[in-house]
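There are structures below to look over.
Both of the next two complexes hold chain A, though its partner changes from chain B to chain C.
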Partner chain A sequence: MVKYYPLIPVLAIYLVMFLIGFYIEGMWQMVALLAFYCALGQSWNIFMGMTGYVDFGYVTFIALGTYGMALGISYTHQYEWLGIGIIFIGLILALFLASLSALLESFIALRLRGAYFAIACIGINEGLKHFIEGARIWGGSDGIIFYGALIQAFGRETSNHLTAFWADFAVFIIAALAAILNIYYMRSKIGYALTAVREDEDAAKVMGINTTKYKTIAFLTSGLLGAAVGAFAWGVKLAHVYPGDVFVIHYTIECIVVVLLGGAGTLLGPVVGGLVYGLSKYWLAVVLPGFQLLVFAPIIIIIIVVFPEGIIGFVKQKTKSTPLARYII
Partner chain B sequence: MALLKLENITKTFGGLMALNDVSLEIEHGELIAIVGPNGAGKTTLFNIISGVYRPDKGKIIFEERDITRMPAYKRAPLGFGRTFQIPRPFNSATVRENVAVGAMFGSLAGKVSVDDSLEIADRYIELVGLEAHKDKEAGSLTPVEKKMMEMARALAMKPKLLLMDEAMAGMHPKDIDEMVRFLKKIKEKENIAVVSMVEHVMRAVVGLAERVMVMHQGSKLVDAKTEEALTEPRVIEVYLGRPPDESK
Partner chain C sequence: MKKCYLTTGIIFLVLFGFLLTTNALAVDKVVIGHPACLSGKYAKAGEQAIGGIKACIDWVNNVYGGVLIDGKRIPVKYKYYDSESKKEGVTSLIERLITVDKVNVVFSSYSSGLTLAGAPVAERYNMLYMDHGGASDRIFQQGFQYIVQTIGPGSKYHVGTLNMFNHFDPKARRVALAYEDSEFARMTMRGAEEHATKLGYKIVFKRTYPKGVTDLTPLLSDLKANKPDIVIGGGHYEDGQLFARQMSDLDINVKGLSLVASATLPAYYKALGGRTAEGVMGPSHWEYGVTYSAEGAKKVGLDWIGPDQDEFVSRFKKALGKDMIPDYHAAEAGAQVLAYVKAAENINSLAPDKVRAALGKLKFMSFYGGWDVDDTGMQIGHSMVDMQWQNGKRFIVWPLEAATGKLVYPKPKF
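And now, the complex of A and B:
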């Protein structure tokens, strides 16, 4: 069990965030935003933190997750007997679409390395967006608006609850689940294999590691979690989806920044990164509306220069042979 | 039954013939040294055996099984272990984790848990004398320590065939003697066939091998018992151009 101690600070932070949002008036929106960044960082970290591959197309998963939820709800809302089941159908569709794309991407892209991998993933993301718009599937560039469908299925009050509370609550659950999977992988054969892949992929193969298999496991896990975040944080919460809003590389960059700020490949890193990133973004938008990016970019650069291993990478170094070490990875 | 058989292996890189029709048989528990000047094709031979490259021509038979087209990661569990000419540790992982990778994915793959592998790692780390460093990141080791770590990692794979690429290059003569003693002990104890590649370390060849294969420009020049091979005029000529006992 000692092996899993590092989960304690992570889950404790999530709990405190949740309690603050739940009990303090007016805090829920901010806490939800933070949970969103933490969940995405944590999910993304499972692949990129462990393998060192940078997946610029990560947003594809989030986007397909949103579409899955949108399709699920808009096609099944008229069946009253399904009740809350339509959300589950949406989630399953989200995961299904994400798996398809993960398998396609890992088939094509994981055979490539480094920069080629990054470019291939961007290509797939842009390709999908243009395909949806050009072929006019799933509403084409008009997207899918399903708030009406929600109201029809659940009534106005429950729908409000769903979009304003339960969608964010689900993001908390996904963040926690991502942390649990992350540490489970780290502590199992998968983690050892992925570390070997990150450090020297050819040597890893000679040591008997089926590198494609382990990369695919991490990629799929990371993608499915991202899709789940999309399904709730963008799908259920906003109740609409437009291709131009979701297939946006900008969100991948945000994931990268969150993970690098906190410490790639660490468990606590994406949480701390998500908090630092989310809070500064939120706060700067309030105090310096319009100028936030101007201030934000240098702050991020400074943090990354001062803590090249991320904030948690730094803390890990400092606490190496102290009792704290077993709680921080 | 031979442990490993190479039949007429040819490998070219562009126009360069790195291996030219090389055949070789290795028995269980044999100690063979492969020697040859720079560019003779020794590392290429190892890369062919461990599956990093496919040969252009020829066949590789391991325990009567044709593995010519088998990818590297599938060969390792059959009983291959290797070290690299330039050490390739998994830098950010600790020494213990590095060696555990060998136990986890080598011939014990599927039979040992992560905890078992860490225990096995501890045994081999002790054997190569790196206990004091076992929680250090592998990247922070000295070059000689990295070689020893790779040795432990390869042994933790429980190989039937251990391929050591220049394991002793750059070592102090005292360390070489120790390494030779160590290899002999390992071989007796675990019945591993060891193919060691040595370049300029004649001392090790003489101390270690029962058999010497001399390579030159991609071809096998001599393959004979150590005493015979070292007195072959062709060998003396190609290899260093001086009598072997000078460097003893």
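And now, the complex of A and C:
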């Protein structure tokens, strides 16, 4: 049980965030924004943090998750007897699409390394976007708008609660689940194998580790969590999807920034990174509208220079021989 | 003694209640909230919108005297943040504007996607949500209760253009449609096709081309073979240039050529090296030079509110501190301020649901043109203007009541 102690601060942070959002008026959407970044960081960290592979096409999973939810709701909302089940159908579709994509990417991209891997992932993301637009599947460039479908299925009041509360609540659950999976992998054979891959993949292979298998497990887990985030944070919450708005590499870059800020390969890092990133962006947008990016960029650079291992990497060093060490990984 | 306590308690409660009621009623300002796009991909449109809103608020406060509620003139304040043109920014900032800043109305960000992103949050708080940047008709088919549109819907962009060609040359009946494959352009194409059919035009060619296209010659060669009289289409600035240039290369001379979201931009003529852009037209929500006026409004039986065009332009420049001519993004955002003021005054209330209902009944004219919405909140009263390049200058040629020049028809050969 002791090996799961590091989960305590992570779950405590999520609980505090939730309570702040729930009880203080006007804070819910802000904490939802923070939960979104934390969940994305934690999900992305499972693959990148443990293997060192930088997946620039990660946003593909989030986008496919959004499409899965959009398709699920828009095709099943007329069946009244399904009730809230249409959200679960959407989630299953989201996970199914993400699994297909992850397996395809595993087949193509995971055979590559370094810059080649990164470029292949970007290529898959762009290719998929253009395929949806060009082949006019899933509404093509017109996208899918399904707020009306939600109203038809659940009524106005429930739809408003779904989009403005429950979708965000689901993101909290996914963030917590991502943290649990993160530590489970870290503390199991999978984590050791992935660490070996990160340190020296060729040596790991020579030692008899099936690197492709473990990379695929991490990649699939990370992708499925990303798809679940997309299904709720972009799908249920916004009730529409346009290909040009979701297959955007910028969101992968945000994942990278969140994880590097907090500390790649750590459990608490993506949470701290998500909080620092989300809060800075939010407050600077409020205090210095229009100039926030000018201020934000140097802040990021300073943090990365001062804490090359991320904020949690630094804290880990400082608390190495203290009782706190067991809570921070 | 007990009676004394009871009486004191009742007096205290009455006084306290009176104070609360007085505070609740004592409205000393009207606040417009806006998750603006100051950075990100819509930054240019966002800057224009802020300038337009500030210009009209300046006019309302300093010329008009404020919003007249309960016989008292109340000043309008403007609270905006930067959403970075991102959906996450829009949702979190709208909630802040509603709950922390206690705004009376929220103006949408920009684009159909960002407008849709903010709509559920506005609905959740029963907040009036005014859309000056989301042109998609489908926003208004979702059942949102608090959304009202100022920008004209995408399906109406080429309606005026077709009316104009029909008016000037009823014999030219062959129309070709060639639009970019984007949500906005496809919606424009659907609206154009529907209206052309209604007017009795024959659609001889209809096709889309992908975003970021670099060669339109195969499409244009097919288009040429169908011998259209009128070509309408486009999507963005870059493909609008390519369209005209390659029509010129292929020597496709038609009587009328109208391209959305490109030909109206001031840089278009120069980018095409002059001659190629001669006679090319484009629809716009508003152009500097339109002749909407209080007298014109009176003639068509509409109320007038707001500055005239020149005053709007000078207040816009003052608001941004730049010698910049406002474009339609500024005009529609500014007109939205005027619509809100007029509706609040008509209903003598700032309650979002009441103002929403009043906006549904409101019809008026301003420097931006007409304003009227249908039951869903979609704009139906604003007509687009059509401009044409003539000797390097832009002239508004339709509708005739807003025209600053005469249509050159047929279009000069490339």
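Here, the second predicted complex is superposed on the first by the 329 of 329 C-alpha atoms of A that agree within 3 Å, B and C clash if a C-alpha of one lies under 4 Å from a C-alpha of the other, contacts with A are read in each partner's own complex, and residues count from 1 in each chain.
Rule of thumb we're sticking to: a contact is a pair of C-beta atoms (placed from the backbone, for glycine too) under 8 Å apart; a residue touches a chain by one contact, two chains touch by 3 or more.
Predicted model only: the values in this text are computed from it and were never measured.
Colleague: With the two structures overlaid on chain A, would chain B and chain C clash, or do they fit side by side?
Modeller: With chain A aligned, chain B clears chain C, so fit.
Colleague: Of the partners chain B and chain C, which touch A:Ile137 in the superposed model: first, second, both, neither?
Modeller: A:Ile137 contacts neither chain B nor chain C.
Colleague: Kindly classify A:Ile8 by the partners it touches after superposition: chain B alone (first), chain C alone (second), both, or neither?
Modeller: neither
Colleague: Quick one: classify A:Thr211 as touching chain B (first), chain C (second), both or neither.
Modeller: first
Colleague: Does the superposition put A:Ala196 against chain B (first), chain C (second), both, or neither?
Modeller: The answer is first: A:Ala196 touches chain B but not chain C.
Colleague: Examine A:Leu100 and indicate which partner it touches, taking first as chain B and second as chain C; both and neither are also allowed.
Modeller: Neither chain B nor chain C is touched by A:Leu100.
Colleague: Taking the superposition as given, does A:Leu19 touch the first partner, chain B, the second, chain C, both, or neither?
Modeller: Neither chain B nor chain C is touched by A:Leu19.
Colleague: Of chain B and chain C, which one touches more of chain A's residues?
Modeller: The larger set of chain A residues in touch belongs to C.
Colleague: In the superposed arrangement, does A:Ile84 touch chain B (first), chain C (second), both or neither?
Modeller: neither
Colleague: Check whether A:Ile302 is in contact with chain B, with chain C, with both or with neither, and answer first, second, both or neither.
Modeller: So A:Ile302 meets neither chain B nor chain C here.
Colleague: Minimum Cα separation, chain B versus chain C, post-superposition (Å)?
Modeller: Superposed model gives a least chain B-chain C C-alpha distance of 36 Å.
Colleague: Intersection of chain A residues contacting chain B with those contacting chain C?
Modeller: Touching chain B in the first complex and chain C in the second, no residue of chain A appears in both lists.
Colleague: Within their complex, state which residues of chain A touch chain B.
Modeller: For this pair, the touching residues of chain A are 187-189, 192-193, 195-196, 198-200, 202-211.
Colleague: Using the touch definition from the top, list the residues of chain A that touch chain C in their complex.
Modeller: Its residues touching chain C are 25-26, 28-30, 32-33, 36, 130, 133-134, 140-143, 145, 147-148, 151, 156, 159-161, 163-165, 234, 237-240, 242, 244-245, 281-282, 285-286, 289-290, 292-293.
Colleague: What part of chain C is in contact with chain A in the complex they form?
Modeller: On the chain C side, the touching residues are 36, 38-39, 80-84, 87-89, 91-96, 98-100, 112-113, 116-117, 119-121, 123-124, 136, 138-139, 141-145, 181-183, 186-187, 210-211.
Colleague: List the residues on chain B that touch chain A in their complex, please.
Modeller: 50-52, 71-77, 80, 82, 84, 88-93, 97, 100-102, 104-106, 109, 114, 153, 157
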